[in-house]
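Below are structures written as structure tokens.
The two complexes that follow have subunit A in common; it is paired with subunit B in the first and with subunit C in the second.
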Partner chain A sequence: MSTHIFNTCSTFNALWLERIQGALQGERFVKMTVGVSRNLFIPFVAIAIFLAMWGAAASKIETSLGTLPGPAKVWEQTAQLYKEHQVSQEKEVAFYQRQEQRNAERLKHDPDYEPKIRPYTGAPTFFDQIGTSLLTVATGFLLASLIAIPIGIVCGMSATLYQALNPLIQIFKPVSPLAWLPLVTIVVSAVYVSDDPLFAKSFVTSAITVTLCCLWPTIINTTVGVSSVDKDLLNVSRVLRLGWFTKTVKIILPSATPMMFTGLRLSLSIGWMVLIAAEMLAQNPGLGKFVWDEFQNGSSDSLARIMVAVLVIGLIGFLLDRGMLLLQRRVTWDRNAVLR
Partner chain B sequence: MAVGRLFLWLENEGQMMKKRTNDQGSGFLRKTGLAVLAAGILLGGSTVLNSAIAKEYPEKEELKFGFIKLTDMAPLAIAYEKGYFEDEGLYVTLEAQANWKVLLDRVIDGELDGAHMLAGQPLGATIGFGTQAHIITAFSMDLNGNAITVSNKIWDEMKPFVPKDKDGKPVHPIKADALKPVVDKYKKEGKPFKMGMVFPVSTHNYELRYWLAAGGIHPGFYAPAKGDTSGTLKADALLSVTPPPQMPATMEAGTIYGYCVGEPWNQQAVFKGIGVPVITDYEIWKNNPEKVFGVSKEWADKYPITHKAVVKALIRAAKWLDENNNANRPEAVKILAKPQYVGADYEVIANSMTGTFEYEKGDKREVPDFNVFFRYNATYPFYSDAVWYLTQMRRWGQVAEQKPDSWYMDIAKKVYRPDIYSEAASELIAEGKMSAGEFPDFAKEDGFRAPQTHFIDGITYDGHKPNDYLKNFDIGLKGKEKI
Partner chain C sequence: MNTYLSLENLSITFDTDNGPLDVLDDISLKIDKGEFISLIGHSGCGKSTVLNIVAGMLQATSGGVLLENREVDEPGPDRAVVFQNHSLLPWLTVYDNVRLAVDQVFRKTRSKQERHAWTLHNLELVHMGHAMDRRPDEISGGMKQRVGIARALAMEPKVLLMDEPFGALDSLTRTHMQDSLMEIQADLNNTVIMITHDVDEAVLLSDRIVMMSNGPSATVGEILNIELERPRNRLALADAPSYNHYRAEVLRFLHERHAQSDVPVKKSAEESAEEVLKPTLKIAAG
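So, the complex of A and B:
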């Protein structure tokens, strides 16, 4: 098992899968069964207790919008949101059909007209907002990584540069996204001017805000990772007379990868949190806006819908983190490293 | 793994969305192109007739309009949902805005093509109170639709001073006279009496001030020349700005004791059990003009045909809303209750939109004209309405110095554009979608309503004589007075 380059079990961090595998191979069957039930059963029980407590507590809390919704009501709204999404998709199809018709009609009267298909004008649904948020966070995060990793590497390799940049990094690191947002908004509206913009201004604003908050953990961790490369390895590179580039690619980067990824994971989860807050404050499309809109609507379903959003935000945050972990396992050379 | 599958599914969802926006045209074109062509050939015979009239097409087809979550944005939602915008060849996106200032700023900087605005906003912007910009309006969105709500605590304190009928129910309209002892008590105890309104140049601000002043409570002056734009100089009641949808929550938190706002945020207070609406603006000034559809002058000059097309669609929507004695209102409420529009519960919106109004919990009364969208020429932009708002701006010091009557007229003509309205209406009449009887007689209309008498303090308003009108008020600036 240890010789496999790609190991399903450890790649997915699924201890229980390993246990099942073990059980099937007949190794210590009883112990395995206990292990499986512990790994499956305990989280299951914990979640069940949580749901029960939530349900019980929620019905006790009276708000001006009715009682706090319990799990059943939240599930109901999840279904409702999905239904709304489907209805909206049907409307979208009808919208394009009408548009085709209108264009054809106009072409007859006005032969010079160049038919154009305009995007659907309906309001974005919950699922559209999820898509927007994911796209925004991905853009912001990639942009941040592209900037932060090279900076981190040079800072790690050169003590002078590190000393130069460190104060700046330390000052900007703790700045809240909400402080950046007004600045970014105003700068983007002033600088990003074009008649036919590729991206909406709101998208650019949110993405840049995410970038600004994502930079720091990656820079710091990459710096630490690069500067703490094993001296023996560096000595080996000196003995072999490796060039600067080869040394970086073959020795420094691989050994710095775990730290780098720790930074990236921190960055991504910060980025996701920042994005929701930014969308809420700036009224930019996305999940944050969805939450804010529902808060403003104040209908009897609003609380349940906000909770759906909260759970989805949490779930996506979790999945993003797992995704990064998965990636980290794929690129890390040290198979024995314990990653969680 | 369920979680894994969900992630995949989310990814697919994202890709699908991307795909949809990428090739939403081409695939469709190929598929439906033939069908459309066939339909076109079949329809060909009948459309030849129409083509005899040279048709103008809008210069800008993709438009984005802003609105605030209030029931009086209904004409926009209806024009969208009923396809009136599309009938005019317009592809409109409607977008809720955070507050009136953001909305106005976005119209000025061109992010929005037009918006649902407070009647005072185009006027205020044009005379330069607040943000300076030339905004015009060719369509008045509705009459009435606001109310003043006080918190339960204040209501309990003022109720003993409210006249009752023989059943012990409060006699409406309730005047601010009943609130005065409460305000005086707060003043004596040194506690500021705080109320909310939605914007310094909003109808609500002027209505609340009108009501308070009619009951002898001074709502405070503005002094822009001295840099005072909070409007609380010499005030008995301190008014401050809160965005409409946040009114109930702000009052619940105890930051304000009452507010003046549009629907559904007064009925929301009743449903939440946190406050009692005391008076509707219908009772303060019967059939007062409320919201308008505002665009920047620059935009209107650049896209005249588009502007006319928008007004046409909105006139049809307004007509639909009032048709057959409000028969369409329940359907309208259903549309407005969608989360992307007003989003409050059906019952809350329906309460006022279908001709009733609930004051104290359980005290539901008939107010058939609480929301008027089309009747009484509600959509026509009367100069006299503009002048009334200007008189109130003068009364409370937003216009710092005395202005001649001609100034009021000039500004009204600069901002209110019945000429565009009548062009749009004439086209609708020519197309057979409306009849001439539904509009004022454009040839004779001078833009002034006959002197209006239905104010809570009984003062008559004649739009031709703004300076004389101002002399009638005990509280408020008049003549050469300055702050």
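So, the complex of A and C:
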């Protein structure tokens, strides 16, 4: 900006110009550096203090599985988990290669043979479990959003429907989804019967449990958003004689999107928390199962590995929320959506 | 006699928790085409209610509004409203806000190019062409109100209804807006009903000032004809005796005859009866 301004003032002495530019840039550079280092430095110090306190406290706690691991041990296990993942991947690749080789050889001797590929059945690694959990939460959350947003919209627009559905929403909202879990498991086992299932039953159970808890915040916030459209804006639509559809699309929905996103963000963070618990309880594949398996395993590394999982769960939850916020900023007009 | 816009014996009663409340009582007013009318009165006297009835947002309990001899019973773009707080859609740009109205009103009668040109024309009219790609939260309060006026004008309304259009603006911006409005009015010669609290604004802009008595059961107290020549210049008028006379008239009405006590008291039956007996002022058109 400053460069642009100064270049247009050609009557200025060139030497002076350079000096001023240099000073400005220098000043700006200092300001920027101070700003960046403030933003990075303070959290960095806080994390360092946290790690130090953790390390000091952990070394004093003796458990049945040895001393509570400090940051160093956890870091070591992170690397270890990654190595295990790599080894497992190599094994998998080798497994399929062997099969192909065998099939090729057999085809040579017996041209009528139909080659079969058996799936790899090695134990899922930590990173596989992360993938499973992410996929499950995404499925459950999307399903919930597809149901909740339309319900929220009609509830917001029709007072009668709101009165009809509100008691149900209020009663089901405070129910812990884990209470649903046994019901969901049984119902899925009974209903979801197929010879060649597209999804594993455990996946369906977990996803539906997530859906059940993701519904409520989105329904409620969408309803509030839709029903609290500024009265003046509705008057504008009356003066313009907007039709029902145009009014909904041009005025009500845009005006409700910020609230809708508030609901979606709440839903997603609750869904993520619930999923981990559901996986632990139901022994469904995912990060929750990883934690439970390590707990049952009870080796000297288990506690460190569980801590890795805890940190990763936190990090993923944080990233999911950030992702939703970025999406909200892209999609809605509300520039006041602050990253918080 | 054919009147352009006629308010005929408007009365409205709202049901409240404390029983029915008569807000307006027998308001009659005849307005000519191209007239600029100001409604002035104390807060809560029902000025906005009158405007809302003309706009069609509220239905009078008795009496009615005739526009070109047709009864008004619902809101419509032929009675465009400029709202006090601009009421622009915050997710649309300045251009799109006006375009939404243009598209809605002229969808069937004008081509896309014509509607585009008409949108731009109206933005230029209020000197907002330069900011047409900005959003309402990126422009100042005065600019927002300009866009609100452009949106209303773009509907080519038969009557322009303005509900304290400049009430939320600072006084310097307000004078700018008033001058702009006078300019536009000189060009287009719209029929306007404007609600205001501002005595200077009323005298400067209006052909007639309708002064309303205090509510409940508010009615037309007095009507003042402003016979100042147009174009009017606020600086030239500041020292003009005629201007100051009109100003004083309005002030006297508001602060002597209809001074509002701090605590609103419910009128006794006698007082209400007196009000009813008082002849309603009707000024013949022309």
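One rule holds for everything that comes next: the second predicted complex is superposed on the first by the 289 of 340 C-alpha atoms of A that agree within 3 Å, B and C clash if a C-alpha of one lies under 4 Å from a C-alpha of the other, contacts with A are read in each partner's own complex, and residues count from 1 in each chain.
Definition applied: a contact is a pair of C-beta atoms (placed from the backbone, for glycine too) under 8 Å apart; a residue touches a chain by one contact, two chains touch by 3 or more.
All values reported here derive from a predicted model rather than from experimental measurement.
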When subunit B and subunit C are modelled together on subunit A, clash or fit: fit
Subunit C versus subunit B, contacts on subunit A by residue: B
Partner chain in contact with A:I251 - subunit B first, subunit C second, else both or neither: second
Touched partner set for A:R238, first subunit B, second subunit C, both or neither: second
Touched partner set for A:V30, first subunit B, second subunit C, both or neither: neither
Partner chain(s) touched by A:I171 [first = subunit B, second = subunit C, both, neither]: neither
Which superposed partner A:S299 touches (first subunit B, second subunit C, both, neither): first
Contacts of A:T332 with subunit B and subunit C, given as first, second, both or neither: second
First (subunit B), second (subunit C), both or neither touched by A:Y120: first
First (subunit B), second (subunit C), both or neither touched by A:A190: neither
Smallest distance from any CA atom of subunit C to any CA atom of subunit B, in Å, after fitting: 29
Touch list for subunit A against partner subunit C, complex: 230, 232-233, 235-236, 238-242, 246, 250-251, 254-255, 332-335
Complex contact set, residues of subunit A against subunit B: 12, 14, 64-65, 92, 96-102, 104-106, 108-110, 113, 116-121, 123, 127-128, 130-131, 134-135, 189, 201, 283, 293-294, 296-300, 302, 305, 315-316, 319, 322-323
Interfacial residue positions of subunit C with respect to subunit A in the complex: 55-57, 74-77, 79-81, 83, 85, 87, 89-91, 100-101, 104-105, 135, 137, 155
Subunit B to subunit A touching residues, read off their complex: 1, 3, 6-7, 10, 13-14, 17-18, 20-21, 24-25, 28-29, 32-33, 36-37, 39-40, 43-44, 47, 51, 55, 57, 61-62, 69, 80, 83, 86, 89, 91-94, 96-98, 102, 109, 111, 245-246, 248-249, 252, 268, 272-274, 337, 339-340, 342-345, 348
